[in-house]
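Both complexes below contain chain A, partnered by chain B and then by chain C.
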Partner chain A sequence: MRVHYYPGCTLKEKATNLEDSTREAMARLDTDLVEPEGWTCCGAEYPLITEKIHGLIPPVRILRQVEIEEGSKVVTTCAFCFAVLKRANKAMLDNPTLHTRVNEYLADDILIDPTTKEKRTHFESYNGDVQVLHLLEYLRDEVGLGHLKSLVKRDLSHIKVAPYYGCRLLRPQKEVAIDDPETPTIFEDFLNAIGCTVVDFPFKQECCGSYLSASMPETSNEPSYRVLNSAKMNGANVVALSCPLCYYNMDTRQDRIKEEYLEFNGFPVLYFTQLLAWALGADVETLGLDKHLCDPRPLFDIKQNAEDVEVNL
Partner chain B sequence: MRVKLKIGENEKKFINRVNELTGDNVYRCYQCGRCSASCPMAQEMDLLPNQIIRKVQMGQEEDIIGSKTLTLCASCFACQGRCPKGIDIAAVCEAIRHLLEPKGKDFWGPDDVQPELAKELPQQVLVAVYKKFAK
Partner chain C sequence: MSEEKVKSKDELVPIFFMGKCYEVPSSLTIQKALEYAGYQLVRGCGCRGGICGACGTVFRYPDSYKIEVGLACQTVVQPNMYIAQLPFFPGNKATYNIADLEPNGSVFTALYPELYKCIGCGTCTRSCPMDIDVLGYMSKAIRGDIEGVAKGSFDCVMCGLCSGRCPAEEVQFYIAILARRLYALHMQPRSAHLKRAINSAEEGQWTEGIAKLKAMNLDTLKKVYSEREMEPHMGPEDWIPGDTNYVNVD
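Right, the complex of A and B next:
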């Protein structure tokens, strides 16, 4: 199967473990991921006020490119990219004023056709016809969790995973939600399908501090610590997530969390695609596990070591 | 003690502008406080999310200008999701920041990134934070 895939800027540099494990897992599901030609950053944040129309240009341009390449769907793994693309797409469908203004702006684009090498200057209006899917939705709706379960090659039942949704996959409900914003189950269903032991915890849809770790670094330790500590207190031995920013706050910044909370001694954080690729039989080298600040590799040992792993945590 | 409050022309202009930018009506808020109870950054704020909305309802722009809350909102939409009226407070904060920009208020600039952080921050963080807080 062939499907359009929008990686986003972070996956190509700082979150290569998310990108590599996604590609490895999708290859094992016989899915060919195609990146839209000439894609750019999606803008990371959707403009919330009516006058900031320029924030809609990059995501709509990406979606239009998918349509030009005759794609009907685009899959993302980064939660921020997903939210921006999905909200921009919905604005094109539901808001006639934005539809007209964005399309008028994009009408001046020039594109070099990759096959004929000729300049292309005339574009049809983009009407929001491309379906934006998060990889979790793609696995549930297109691959099917029952089918996914039948392809699992490794036993992951010793890994107790706390699924962390964060903000961008669930809110605002009317525009992006991949599931119910207060009692979501899509992540749990996915983890059950690949054979992990799922741990429910109350902070699964709380914010991790988001980009405040850049503008006010001292304030983002507490929300991240609350999520990690809640997962740990509820008996998990790893947190799984899908957003490179949550990963940065909860894994890369763990040394700073330790400085503020002396009782905290580290907790492993994984991308859900790393668990997926591992369950489907990928080699451990393809998962990028050496990039993590809190080393999750003991979790990937064979089953008889599982009890030792729990003691070490 | 009774206090008479007066909303003059300037205040009305501010309230209308916020409503116009957010496409919502701040008077729909009846101050139940669920937004503040849901906010993950409330512990750092000097004005809680429901207080911000109250100040906008009263047109008290001057009280909001210096508030830390405007730069502590990370747009996680927990408040909007739990608001019985569905008011988007992240959008209200963004509208206020937008209105303060022409008055010379700059919440964030390229020089504000700590050099040691610049090396490790994921690209999306820098893009998001500039987009949110820079002029």
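Right, the complex of A and C next:
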């Protein structure tokens, strides 16, 4: 099975644990991930002022490239990339003015084949025909959670996972939501399929602080702390998520959270793909667990015995 | 471009250089046409062979809005083209000692923080006379892929046309050469046989042979040279000469 995959810049540098575990897991699902040739940054954030079309040019070009390479769908794991691609795609479907303006701009593109050096200067309009899927959707709709469950090689029932949706998988509802934005279950269903113990907690859709950690860093301490603390209070021993920015706020910046909340002594955060790859039998070395600030490795005890697992909380 | 009937080789065609019309032979490149018109090219003219990138040129045909690009030494004149040359582009060039730089992904944004201003418009790719996917390698620079930038920009001739048209004021060509330098210094696999050859030269493998050649008078030297054993035109790949005194057989 061959499917187009848009990793996004962050997965190639900062979030290599998300990239590596995604590739490891998909290889175990016999799926070849194909990156569209010449892919660029998607823009990271969907433009709020769509009259200025330049924010739509990169994501639409990426989607058009998938179509040129005869792909009908593109899968992403980064929640931000997913939201940008999906909203840009929807704009091409729903907004004739944007459709015309973006396509008129992109018509002057030059596409150069990296091997043959052949130049392509003629492009069909992109009409929003590529399906943008988050990996969780791909697993639910294309692989099938029942089938996924049958492929699980390890017992993960000792891992009590709090699924954290954040904002970008669910909002804005009409444009991106991969599930009901108020009572989503797609993440829980996925975790159940791979055999984790799912922990419900009230902060699963709350904001982690998002880009505040770039402009006003300390402001993101509180929202991130509230999510982690809520997961812990509800009996989880790890938070799982799909967004590199949520991960940055909730794991990479945990030392700063500890400075502000003295009673907080750390809580592990995982990408859902790390759990997926692990469940499918991947070697622990392929998961990038050494990159985490709060060490999640005690959860991956190969003895698979709940009694042996002591998370350093 | 309008459909022109095929011109004979020495037919004159009008071109506009910096707004002034000149009649030049239709078979000339822009560079030769300028010299034909009386310009003496001191700057903006280097190798004349499409490699050095000194003669980056922008032009436009009268019935089109599109700004086209090319190297003056490689682009043949077309009737009624409007031409301006860009002999030098004053892009922001970071100062660094390549030996002091770590070949990690953040090297580009450390030296050229404006890299993150890239909006992905693709004008750079449209402006490249060497048909390089400039946006492609700039995207790789943003994600810290030194090897990707080095290989993707290999054909760059440093003309600066990409930078000249960039709305984010990036210096694509300087970022590209930084990547190629880093790649060459830190990442490119080293040639093992080169190292062995240098070692054996230093150990005196050629000392005797060179001394013998140096001692010969000119006529003997010419005779030895013209009678040397030559590699056959269609020889096998692993061909070596019978006398290996002057050849490193590795």
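The rule is simple: the second predicted complex is superposed on the first by the 299 of 313 C-alpha atoms of A that agree within 3 Å, B and C clash if a C-alpha of one lies under 4 Å from a C-alpha of the other, contacts with A are read in each partner's own complex, and residues count from 1 in each chain.
The rule is short, and it goes like this: a contact is a pair of C-beta atoms (placed from the backbone, for glycine too) under 8 Å apart; a residue touches a chain by one contact, two chains touch by 3 or more.
All of these numbers come straight from a predicted model, not from anything done at the bench.
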Put chain B and chain C onto chain A via the superposition and say whether they clash or fit. fit
So in the superposed three-chain picture, is A:30 touching just chain B, just chain C, both, or none of them (first/second/both/neither)? neither
Between chain B and chain C, more extensive residue contact with chain A: B
Just to be sure I read the superposition right, which of the two partners does A:38 touch: chain B = first, chain C = second, or both, or neither? second
One more residue to check, A:70. First (chain B), second (chain C), both or neither? neither
Is A:207 touching anything from chain B or chain C once the two structures are fitted on A? First, second, both or neither. first
Using the superposition on chain A described above, determine whether A:117 touches chain B (first), chain C (second), both, or neither. second
Touch test for A:108: chain B only (first), chain C only (second), both, or neither? second
After superposing on chain A, what angle in degrees do the C-alpha centres of chain B and chain C form at the C-alpha centre of chain A, to the nearest 10? 90
Where does A:13 make contact in the superposed view: on chain B (first), on chain C (second), on both, or on neither? both
After superposition on the shared chain, which partner residues are touched by A:263: those of chain B (first), chain C (second), both, or neither? neither
Check the residue A:57 against both partner chains and state whether it touches chain B (first), chain C (second), both, or neither. second
Minimal inter-chain CA distance - chain C and chain B, angstrom: 6
Which parts of chain A are in contact with chain B and also with chain C? 9-10, 13, 41, 43, 55
In the complex, chain C residues that touch chain A: 66, 105, 118-122, 125-126, 131-133, 135-136, 138-139, 142-145, 152
Quick one: which bits of chain A touch chain C in the complex? Just the residue numbers, please. 9-10, 12-13, 38-41, 43, 54-55, 57-58, 61, 105, 108-112, 114, 117, 119
Give the list of chain A residues in touch with chain B in this complex. 8-10, 13-15, 41, 43-45, 47-52, 55, 78, 80-81, 166-167, 170-173, 181-182, 205-207, 209-217, 219, 222-223, 226, 244-245, 248, 252
Show which residues of chain B lie in contact with chain A when the two form their complex. 20-23, 40-41, 43-44, 71-72, 74-78, 80-81, 88, 90-91, 94-95, 98, 108, 112-114, 117, 120-129, 131-133
